[in-house]
Each structure stands twice: as C-alpha cells, then as structure tokens.
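Next up, some structures in structure tokens.
In the two complexes that follow, chain A is the common piece, with chain B as its partner first and chain C second.
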Partner chain A sequence: MKKMLSLLLVSILLLSACSGSKSKDASTSSGKDTKEITVWAWDPNFNIKALNLAKDAYKSENPDLNVKVVENAQADIVQKLNTSLSSGTTKGLPNAVLIEDYRAQSFLQAYPDMFYEMTDKIKADDFAAYKIPPTSLDGKNYGVPFDTGVTGLYIRTDYLEKAGLKVSDVQDMDWNKYIEVGKKIKKATGKVMLTQDPKDLGLIRMMIQSSGSWYLKEDGKTPDLAGNEALKEAFKTYKAILDADLVKPASDWSQFVGGFNSGDVATVPTGNWITPSVKAEASQSGKWAVVSMPRQSDNPKSVNASNLGGSSWYVLNIPGKEKAADFLAKTFGSNVDFYQTLNKEIGAIGTYKPAAEGGAYKASDDFFGGQKVVSDFASWTEKIPQVNYGLHTYAIEDILAVEMQNYLKGKNLDKALEDAQAQAEAQIK
Partner chain B sequence: MTGIKKVSAYGLLAVASIISIFPFFWMVISSTNKSSDVTQGKLLPGAELMNNLTKLLDTIDLVPALLNSAKISILTTILAMLIASLAGYGFEIYRSKSKDILFNILLLSMMIPFAALMVPLFRMFGSISQVLPAIGIDTTAAVILPTVTTAFLIFFFRQNTKMFPREILEAGRIDGLSELGIFFRIYIPTMKTTYAAAAIITFMASWNSYLWPLVVLQTPEKMTIPLLISNLGSSYSPDFGVIMTAIVIATLPSALLFFLMQKHFVAGMMGSVK
Partner chain C sequence: MKDGMHMRMLPERLRQTRMFTKLFVFAVFMIVTVSITITWTTIKMSERFFIEKFSIVNSRVIAQMKEHFEGYSNEIAVASQNLLLSRTIREGLTEKQNNLQKMSSYFNMSQQLKRVRSNLDNYDMSIFVMGKNGIGHTTERIYWPISDEELITSPITQKTYAEPKKLMYQLDTRKDDDGKMNHYIVASLALMDRISGDIYGTMYFALNEKEFRKSYVPYTTKGSNVFIVDKKGEVLSSNMPSLIGKRDARVLNYVKKIENSKDGYIVENFMGKEQIILMQYLPSYDMYLFNILDKKAAVEDVIDKRAIVLICLGIFLAALIIVFLGTKEMTNSLTKLVRQISSAPKHGFHQPIEVNGTYETKQLGEAFNSMFDELHRYVDELVDAQKQRRTAELAALQQQINPHFLYNTLTSIKFMVRQGNVEESEITLNSFISLLQNTIGNVSETISVREEMENLKHYVLINQKRYGERIKVNYLISPDCQEYKIPKLILQPFIENSFFHAFNQKPGGYVHVMVWKENEDLICEVLDDGDGMEDSSAGRLPQTKRKHQLFSGIGVKNVHERIQLIYGEEYGVTVSSEAGEGTRIRISMPAA
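Presenting the complex of A and B:
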C-alpha cells in the first residue's frame, strides 16, 4: 500500500513538472505559428460565403495567410465563446468571430481584455453611424461593422392594385396610414397584412429605433420602459394592428416565411436579409416592391428608416491578432470592390458607406418590378437613428413580451410598462 | 360495459400514439418536400427527396460527421458498459457501510445539472491540453471521457445486480474462479438484458449529445452530426427540406439499434423495476 502511494506521488510530481515545461513550449510555438487564422461565423448562404469571398479578395494582399472559416450556429457561437472566455481558457478560441450587434456589448463589457482594439485599423466615419455604438466600448472601436439590418416594408403590388392603390401611395407612410392601407387591402383581397409571433417583438424594436429610442437609456444599462413615449406608442400601434384584424399568428420562423411564400400576407416589415427568402418563391416575381419603413405617427423625431439585426466582426486578443485584424481591415474594413462582389454574389448590403457608389448597388431587380432595391436600402441605412443596444436586449424583450400580452388583454398601458420597468430593474443590475 | 371501456381505452391510446408519432411522421414527410412546402405545412409526400439529399451532401460533410458520431458513441458505450457495470456490481456484491455512503454521494451528483459543471470541466480540459494535448480540448477523447460513466448507469447496474443469484457466485468461488473471473465469465453473460438496456440508453444519449461536444470540439472535421444539423438551421433563410432530410439520416442509427434490441431493452427495464 505504501509503495503504491509513493508511486502515485512520484507520478503526480512528474506530471506537474511536465506541465510546466510543456506550457512554455506551447506559448512560444503559438507565437510564431500565425500563418493560419480561424474565423467563426454562422449562416452558410450569407456570412460564410461572405468570408470565403473575403478570403479570395485578401489573397492578393497576403497570399501566405491561410484563413480557416468555421461554421457554427449563432447560438452555438455565443455558447462556445461564453464557456471559453468565462473559464479563462483561450485554447480553441478563433482569431476572429462574428457577433450580432444586439449581443456585442455583453461580450465587450464582460471580457474587455479579450478583444483586440481596431480603432487605428479602420475609419469609423466610413461606416453607417448607427453601427458604431454597439461595436465600441469607452470610445474605442473593437468591431469591424458588417451587414446592415436596415429595414424596409416588402409589399405585394398586385394586392395594392386590387385595393385601388399605387406603390407611390405607400411610400414614407406612418403606422396609422399602414393600418388604413391594411383595411383597404383586406376588404379588396381578404388577405391580412403581416404575420406576428407573440414571443418575438422585432416589430416593436423596429418602431422604437426609428424614433431613436431603445429598451435602455443611452448608458446602455438603465432600463427605459416606463415613460418611454416611443415604446408606448409602439405598444398602441401593435394593439391597433391586432384590433384591425390584420395579423396572421405565427409561432416560429418557418411559419413567418410560410406566411409570405404562400401569399397569405400583403406585407413583410423586416430587415433586408429576408430578400432571399422572399425571392425563393419564384412564382411571385414582379409582384413585390420594397418601400420605406413606416414611421411613428405621434413622434416628430421618427424617420422612415430602422434596423433589425445585423452583425459585426471582432478580433480576439490571442496570438495571431495582428494578422486577423489586417485581414478584416483590408476586406470588410475598406475594400469597395469587395463589397460589390458581396452584393452581386450573395445580396449582402454592408454598412461601409463608400461602397454605395459602386455598380452593383445601382442594379435593378426584376423580382421587385425593376426597382433598384439595394440602392434604396443603402440610402435608408444612412438614415437609421443611432441607439445604444446595451447589454440586455433579449432579457428585456422576454419581460416585455409578457407585459404585451397583459396589455392586449386589457391591462392599463402605463401600468404594464411600469411593471415591466420594475421587473427589468430587479432582474438586471 | 367492458365493450365501452375497451373502446375508450383504445381511443385514448390511439390519440396518445398519434400525438407521439406525428412529429416523426412530419419529419419523414418533410424530407421529401421543398422548403416552401414545409413552411406551408404540406402533409403529403413530395418528390424532392433526392434533391434535398444532393443539396445536403453539397452543404455539409455528412459522412465524416456520421463516422465521428459513430466513433464517439460506440467507444462511449463500450467503456461505459465496462466501468459502470463493474462499479454497480462492486457496490452490490461487496457491500459495506462506507461503500453505501459513497454510493449515496454518487447519487447526489445526479442532481447537479450539466450546465453548472461545464465551465469547470472546460477549464479542466484546458489545463489537461497543456500536459496531454491528445486528450485535451478539441479531441475525441475529451468528448468521451466526461460521459464514460454516469451515476445513473452505476445505479441502474446496482439495482439489477440485486437480481443476480448469490448461489451462482458461491458456486463460482468454490470452483476456483477469481473474483474478476466471476464478473467476466458469469455475471456478464447472465445480465445480457441489463447490458442491452444500458447500452441503448448510453448510445442514444451519446449519439444525440449536443452541449459538451459543441463546447469542446473546435475543428470542423471533428464535429458530430447534431452540431452540423444545428448549423443548417442557423440561417436567415433555412432550407427546411434539407434540414429534415439530415434529421432523418441522424435518427436512423438510434432507431435501428432500438428496434434490433427492443426485446432485450424492455426486459432489461422491467428487471430494474422488480
């Protein structure tokens, strides 16, 4: 027994001695070996393709660098990053990663040392202004802004005609007018205006950002629910749309897509990234147009432009960071031609302002009756009001979704928002 | 009276089976339809199966992922059977007060959810990577080791060992078998049904395992099938037909295993209740 014990002790000693020398080796070797960088992103048809195009574009700059593109689902990336970063283990982390703008601050604020500053690598002024607050912390830029979630109102022109309306009638509307148009279309065609998933308040988010307002105050931390005029109006509009019976309920993404693919709804108010899904139903070619997003009726600050989703690239502060930063800066950060390729190949619309001057952005699209859709989206992008998404977008939305149901069932609106405020304050500190 | 009772019992069972079978039916039907038909709730088989399959093989490396999953699941199952049954056997046959206390502590560990263990576990494997990269982060071994035995499996084997006749054990000892010899030559062959049930449970859990492989595997070539399916669904415009085809393929191995070993499985589960 004693023999066993001493043997065990010796082996433990040996092991720990090994670990000391090995770890030194590891750190020196990874310092030299940066011919390869790894980038994580989601969506094979969009972000992954964009990365592969960036890889091709970067070949002329630095043919020696091997960019390894790894595909992970968005929720999976969040999970993996959180586990790695909170355990303090950098092994296996990528050199660069795509993070959704709504979530970016929670990573930047929780692990500020783990991200590599990009202030000197890109010109922040070249990007749409609304992309800068989510990608920065304490005045320093960490992200390279990528796609815009600029919103538009996709609308069926054939249904409009049946209701005796023209596309020009529905440009730059407010939400009251939207409801009126909805009633006319429903009377003429029997079709409803949109699908809504009661768990997903994307519509509310779009409405309040068009007025430069958000769930949180400008510090990105204090909940701004009770007494938030834009939010209050958004709730009222939401109820009015439901009361006018213009909504087809949907419980998930597939039913949302099914709603417009089947022709059941006349409009889709959402981000430009839905374009491929709309075009997937080729039989509806020529029957769609995209007009500017409706603005809030009672709010003079509200504009006909908003945002839903969108993400940006971040470099992690691990060996290889300079290479990764250079890769991003010379592609997504400054290459106008690259943005034209991106748009032609995958329909992506970036937030890099000089790219809007390129040829691809001015092309017309027959599916949308010859409309220059990309150019329209690009011009709306520049009008999107800037807000600080802060840390808790989805946590607050869960609270609001419940209060929304209470409000729809007859609870007083001010009371509902006050309750949401109290709950949010208690939950996030 | 009995007639009415029978009808209502069968009616209830029929409703219950429709509810549990419908998702399966929907999955198979949807794999033969194109995405826009799936989103519009088409319930009839279509002609898109080959199309979906071709697209699936184009977008993801299905076969390597299946092989990865198979390797991990089979190794996990074999190791878990050996270790957990030996432990369960030991706890029951060589009983003592101190071992019972140890066993209770083991059972308590079942109450801690995996999510709480994940960060420390990841840290641990991060440190192991420094010493032994072969079993550290981003290796098959790192996926297998934490699940190689579970408190539940040990409990399961211990409960079933209660039925193992002591007389055989004594007979083995008298005939001069060593203690390990008894385990390998007598216990394992007698407890076949228990092993079958435990193997199915372990294989399925390992085959469908998602969170830990997700966190610990980094290289795309090492990823398992649930991780690739998750990637397919994470797109602004997911192709639901292709996703359903992938899920059908991923479900087949565990379904086949279950049907092949169904008889033993049921017997094994009944054993643990007795």
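Presenting the complex of A and C:
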C-alpha cells in the first residue's frame, strides 16, 4: 500500500516537475556570439595593454560590443590554436588572436580556411612593407600588422661614462666592438653587458637577419644552417660574448627583465617593444640611450638594423568574425589617433605608416635623455633586411639551441651546424 | 409581518436540518484533516525521495570529481618525482657555477622543466623550481605571477620546508595588475636528497584556481555548489569564488557529522539556506571535497508544491461535494420526515406521511403512519360515540314535548270549544296535530325548508290563537330554497323566543322569517322589531330562562350546538340586537 502510494505520488510529482521546468531557459541561446568577442594575446605590459587601449578606442565605434581580452602564454596560444585547428573544432577558439610573425606562415599555410581574409578591411600599402609577406598568403592579406620588431641596443649611458665612453662611440658598431665595450664597462663598473636566456636564441636571429639571412632559405622551407656564414658568425659571436663573461644568465622573461631593471646589465640588445619594460624602472630615467643594433663583423651585407619578434592580429573564421574584423580594422588597421595613444601610453611603435606623421612619433623622450627614440626606430625600420621567416623558425631554433649548448661545450661549430641541418631536414619534412 | 415570518423561518430551517449540518461539518472537518495530512506527508515523502535520489546522484558525481582530483594529483606526483630525481635540477640548484656553466645548466634545467611541463599539457600551469641558492626556474609565470623574491619568502615555501616529504596543496592569493584578487592552487614539494636528507630547494606546480575549478564546475548547477577545504577549514577552491580563502569552522563539524551519518549526507543550514551536504575525502590532498545542494533549489523546485496543494485541494473539493450530496441525500428523507411530522398537526393529522428514503426512515414513516391511522380510528370512534350520545340526548329532549305546552294548548282549545268557536278550535287542533306529528320522530332526520315552514306556521298559529294576534309573522322564503334539507325544529326556538321575550314592552310587532341561499350556504334569519337587548354582545346567544312555555327541550343554545355538531365549526347561530330596535338571529348551514 505504501509502495502504491509513493508510486502514485512520485508519478504526480514527476509530471509536475516536467511541466514546471520548461519556462526557464528560453532566453539564453541567441545573441551571445554577437555581443562579445574574445581576443587572445600574451605579454601583459605590451600586447594586453595595447588591446585594452584598442578596446577603449573602439567604444566610440560600437559601444555594444564587449571585447574580452584573454592573456595566455604565447606557447599555450600556439598549442591551443594548433590543437583546435588541427582537430577542426572551433569550440573554445578566440575570435581574434595575436600571432608572432615568425609563426604566422605556419598557421596560414596549415589552416588557410580557418582565418578570415582582411584584404578588403585594411590597406596593405599603409603598413611597413616587411610586415606584409608574413601576414599574407597567396596575395591575400590575413593579418592586421601590429608592432614592429625593429631592434636597437638599449644602453646605460652612466655605465658608458664610467668606462670613459660616449653614446656616439657605440653608435653603428659591430659585435666585436660590442664585446670590447663590454669588457671596458665590466672593468669599470663590474656590470655585465646583457642577460641571456639560454633557450632563447633571439640574439642569433637578430644577428643573422641584420645580414639578410635566416634559418631557412628564401623559399621558407629549406633549412639553411650548415654553411650559413651569417649563422656561423653569430654562433661565434655568441660564444665570444659568453667567453668574455659578459652575460648574466636568465631562466625566463622575468629574470631577463629583472637583469636590466636591477641595473645588473649595461645593455639590452632587443626589439623596441622592450621600451615599456625598460621604462618601468623609473629610477633609471635619463640613464638610458638607444643606439643602432651592432652589425656582424665579417659580413659586408650586414647592416646596423634588425628585427626581433613583432606580431600581427588575425581573425579566425568562426561566428563573430565580422565583429572581430571590424574591431581590428577600426583600431590597429586605420586609427592614427589610436596609434598616438598607443605610443604615448606604452611606447609601442606600430607599423601603420600614416601614424608616423603624428606628433607622438616625433616626440623626444626624457627617459632616454631627450632622444627621439621613436623616430630613430622608424629610421632603422626602413633598413631592416627582408627575410622569409618561413614555416619553421622555432622548430629549427629548438634544434639549434641544443647544438648551441654542444658548441659551447666544445663541439666543432661546422659539425654542430651540420648536425643541426640534418636534424632539421629530418624533422621538418 | 411578512418579514417577521421570514426571520422566523430561517432558524426554523436550520433547526430542521440540524442533523445534516452536524454531519456535514464533521465530514468537512475530517476531510480537511485528512487532506492536510496527506498533502504534508506527500511533500515530506517526496522531499525525502528527491533528497535521497539527489544524494545518490551527487555521491556519484563527487566520486567522479574525486577521481578527477586524484588523477590530477597523480600527474603532479609523477611530475614531482621526475624533478626530484633529476640530476640536472639538483646540480643546477646546488653546484657553484660560473656564468658559462650557468648558461648550460639553465638550458638543461629549462629543457627538463619543459619535458615535465609537456606531460601536464592539459593544464594551464606554471612550474617553478626554486633553489636554496636563490636560483629559480620556471616554465612561465603567467599562470602564477610571482616573483622569485616573493617565492623565496612565501609561506608556501616555509610550509613546504617544514614538511619536506609531503606533496602539499596550498592556496595563494594575490592581486593582479587590475587590482582583482586571483587565487592559485599551488602544489609544492621540497627538493630533497632522500638519502642524505639535504633540502636544496622547492618545486611548485601552480595553476589559477579558475583552471583548477574547471574539473568540477561542469558538474555544478544553480543550487549545487562545490568547494574544497583543507583540514583547517580554509576553502581552497570553489565554484563560488567568494568562498575561496575563507575559513568556516562549521565545515569541519560537517566532516564529523557526515562521517557518522549512515546515509552519507546531512541536511544543514549553511549560507543562510537549507542545504544537502555531501562530502568526499581527498587523501592525496588531505582535504575534503564538499558538494552542497540548495535543498530549496534542488528539491522544492522539482516538487511543485503548488501543484500538490492544488491537486489535494481538488480532491478535497470533490470529496466535499460528494459528502455534501451524500449527507444531504441521507439526511434529507429524515429531515423531510421530521418536517412532515412536525407539521402534521397543521393538517389535522389527516395527511399521511410520504414513505421514502432509506430503510430506516421508511420504517419510521410507516410506523408513524400506522400510529396515525390508529389514532384517527380511535378519535373517529370517540367522536362517533360522542355524537351518538349527543344525538341520543337531543332525541330525548326532542321527544320530550313540554307537558306545559300540551296543557296550555289543550286548555286554549278547550276554551275555544266552550266559546263555541268550533271552526277555530278545529284549525288550532289541526295545527296542533300536524305539529305533534312532525315533531315526534327521529331527531336527526332532516326535513325540507318547506316542511319546516309548515311546522313553524302551525306553531305560530297555535300561539296566535292562544295569545292573540298582536305579533305578526311573515315568511320570506327564496323559492329555490324550498327543497333544501335542514334539521328539524331549528327555527322554532327563535320564534318562541320572539313571542315570549321580544315584545314585553312593545304592544306588538312583526317577526320576519327569511331563508335564502348565499354562495353555497343556506341562511335563515329570524328578525323581530321588538324590545331588543340592552347588553347584547355580538354573536352571543342569550341565556334563555327556561319557561314552561317551551315547546320542547330544544333551546336556542341547543340549536347552535346541533348545527355545529352536524355541519362543523364554521356554521352556527349568530345574534345581533339593539335595545328598542329588535333582534336578528342568523343561522348558517350548508345548502344541501
């Protein structure tokens, strides 16, 4: 009897439960993809800040769109994009993403359908010419070029003075001169020249690009390691700098930044995007200058200008792409005022040429002793030798990093590069 | 007057249906009690049912969550063993090196970390190793943005050194650049040479609590919440971010209660709501995983109390109607019976009671009816007996011709004869003979108006012969009334009255006898213009002083009684009189 009763009750309850729960979730499905776009980037001091400024600038264009900025490690962004795109699922992908120029081709060529074409949204001619090949495929523009990776040598003028040197003495020098200067500074101040993270061969890349060389041949596919004179010299220079004990090892970005913020190192040879990190230590204001990048000593083609990093924005071909494209086109793609703000707020130098006419680009910077840093970077930008980064920059770099260690431990350089070449050919085919 | 009636009728009706009202009220009371009890029991039972169902489902869910957590901690344990046994790491953190050697050891250490990290690819995680020598390595810091200096002095590091053999999970809370509080779940283990016992650093596996949460958030719903607390009651992770980092001693009480409960769950008031609380111990974390279900959201939203109450209310109303009709049907026959019985006197007990309804009321009605019949028969018999006695009495009276009348009349005739007035004597004698002939006989016998008039005329004639003709008598009989039957000798007493009393002062006058039909009634009037009566209260018959002149024993009063006896109460004799004007006697009876 009790069973019967409870059975009856339960069936009544189930009925009422079924009828009761329908009205609740009617208003959730529509509208989400159109109101919000997600953008992935790395580096909170630079890319993330730039995105947030873009978000503010875009408010006047479309106040309804919510731009969700998500910070991830670059390696994770790459991994997640690869995982999602290769599996063909678009779930969890952002609407727009920042991709380093070195890697851009590997994505565009592997997943051409997954990126939204921006040819009609931006004028490619308005951007620095060297940014177009990495962001394009088959003559179609996919990326909205963002920052220039133009490099300079950030140098402590106070240490220079202690070593009896002037800024003019270190302008347009080669790496041999750099080592000499390093020795002098170390002698005078006890400070080393630079921090280096042994996994990151950015220094090598800057050196070889200054000579118009790269890890890959111009086709962007064939490894160019063994017998690459520029690379060989770069390795030698790298070892020479280490042998001269001018390097403070750093295990990651924060130790790298800590190196110059704490005053432990005299120079930072890197891309202009480091400016905000340098300026973050306000107590060092007036103690820095930026000079042109050292060139390779034995290579006549080498110039005092190079590139490191630099990235561009891409829109993924998923729902919400029009909104994301519009967001990028109306900020990074065409807004001169926005670039001025970007430069003033975070020192970012874009590759959007009309922005160079703006006041901010011509301003002098007291932190760098009144130097017109942006305008100097702009002039070096024009000299950067064009190279094809191709598809496999980092895959090769991983191999090279190991061989570099072997080389530093005494392995024959030619052998090391040949081994690297062999590994690279085996791996990237 | 009518309203008053109505007012009196209402309580009357109620009074008559008292039994129904009582029965009905009682039944309603019972139904209400039963309905409320059933409703309440239903809700409680189904609540218990759902709580049990929920706790079973959620036990499985949190067992699954536990598996997730254990899986995660396994991966961390494997990774930590890798780092612990790594010579690269130990050398990098212990040996004194120049910058060149450092470059190499940094590279190797970072390669080692990268390999370990690649095994934990599923998580957005930062791995750190921090040597006692101040050399730190990390895969990246964005998932735990802590500087080397902060890491060295962190309480997490202190605790790890305090228990170097234990892989422990701790909560780190820090503000990001936007001032938002972020929580990080940090697994840490001291880097210790297990043989010598030397501690040379610490390793950390850190991820944002939001990332940690992902393993169980899909299982949570509105009203179903999860949190993880350590042995001190501090919340490390929860889908309710406001709880993270908070300490609540009650939670540790729950642990004991749940461990002691046989169902594996308890219901407690938590966060201001009644909650079903389930728990799992996470041995590798030495923490407790709690799942709290908002009882209201979980159970009461599923159980539509309104529907239950409405259904019960519906059943209640239906029962009410059935009971109303049933009680009404049952008591109706009884009420009707009672009403009929109570109104029986109004109908002179002549109307039999309708026999219907239930067996009992039928029996009752029948008994009542047969009692009635019995009563009627008895009363009828009584009335008959009464009538017969009366009739006998009257007959006796009637047949008793007053000897004085006979004596006087015969004396009058003797004088007439002596005077030689033979003719008159003969007329008077004839009348006297006719009068006696008609009078002697059955008193109940009726005669026609015409015959009665004949008798009356004989009587008047005799009296006129005796006393002279100063009183004259007129007969005004409506011709259609001649043949109607009337009791014998009903007018005679009034004529007699007029002759002997109405003209004591006046020298003479008239007596009019009138008979006519009025509606269905026959009206006879005896009207005189004699002395009348001073004090004549209307309708009262005069107390006749018995005189020897009376023709028979039937007096004026007897007439009235006789008519009522024969024809009923509504008939009879009325008298109106005025002093000096005369007297009017009016007799009514049915015309037949």
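Note that the second predicted complex is superposed on the first by the 349 of 429 C-alpha atoms of A that agree within 3 Å, B and C clash if a C-alpha of one lies under 4 Å from a C-alpha of the other, contacts with A are read in each partner's own complex, and residues count from 1 in each chain.
By our rule, contacts are C-beta pairs under 8 Å (C-beta built on N, C-alpha and C of every residue); 3 or more make two chains touch, one makes a residue touch a chain.
For clarity, every value in this text was computed on a predicted model and none was experimentally measured.
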Checklist entry - Looking at the overlay, does A:Gly92 come into contact with chain B only (first), chain C only (second), both, or neither? => result first
Checklist entry - Of the partners chain B and chain C, which touch A:Gln79 in the superposed model: first, second, both, neither? => result both
Checklist entry - Touch check for A:Pro44: first (chain B), second (chain C), both, or neither? => result both
Next on the checklist: Let me test your reading of the model: by the given contact rule, A:Gln340 touches which partner, first (chain B), second (chain C), both or neither?
Outcome noted: neither
Checklist entry - First (chain B), second (chain C), both or neither: which does A:Ser375 touch? => result neither
Next on the checklist: So in the superposed three-chain picture, is A:Lys248 touching just chain B, just chain C, both, or none of them (first/second/both/neither)?
Outcome noted: second
Next on the checklist: Between chain B and chain C, whom does A:Gln284 touch in the aligned arrangement: first, second, both, or neither?
Outcome noted: neither
Checklist entry - Thinking of the overlay built on chain A, is A:Ser297 touched by chain B (first), by chain C (second), by both, or by neither? => result neither
Checklist entry - Touching A:Leu408, do we find chain B (first), chain C (second), both, or neither? => result second
Item to check | Overlap of chain C and chain B interfaces on chain A (superposed complexes) | outcome: 19, 42, 44, 71-73, 75-76, 79, 253-255, 258
Checklist entry - Okay, in this complex, where on chain B does chain A touch? => result 35-36, 38-41, 59, 118-120, 122-123, 125-127, 129-131, 136-138, 211, 214-216, 218-220, 227, 230-238, 240
Checklist outcome for this item: As the complex stands, chain A meets chain B at residues 15, 18-19, 22-23, 26, 38, 42-46, 70-76, 79-80, 83-84, 86-89, 91-92, 253-255, 257-258, 261-262, 273-274, 276-277, 280-281
Item to check | Partner chain A, residues of chain C touching it in the complex | outcome: 42, 45-46, 49, 98-100, 102-104, 106-111, 121, 124, 135-138, 140-143, 147-148, 177, 301-304, 307-308, 311
Next on the checklist: Under the definition above, what is the set of chain A residues touching chain C in their complex?
Outcome noted: 6, 9-10, 12-13, 16-17, 19-21, 42, 44, 71-73, 75-76, 79, 192, 196-199, 242-243, 245, 247-255, 258, 401, 405, 408-409
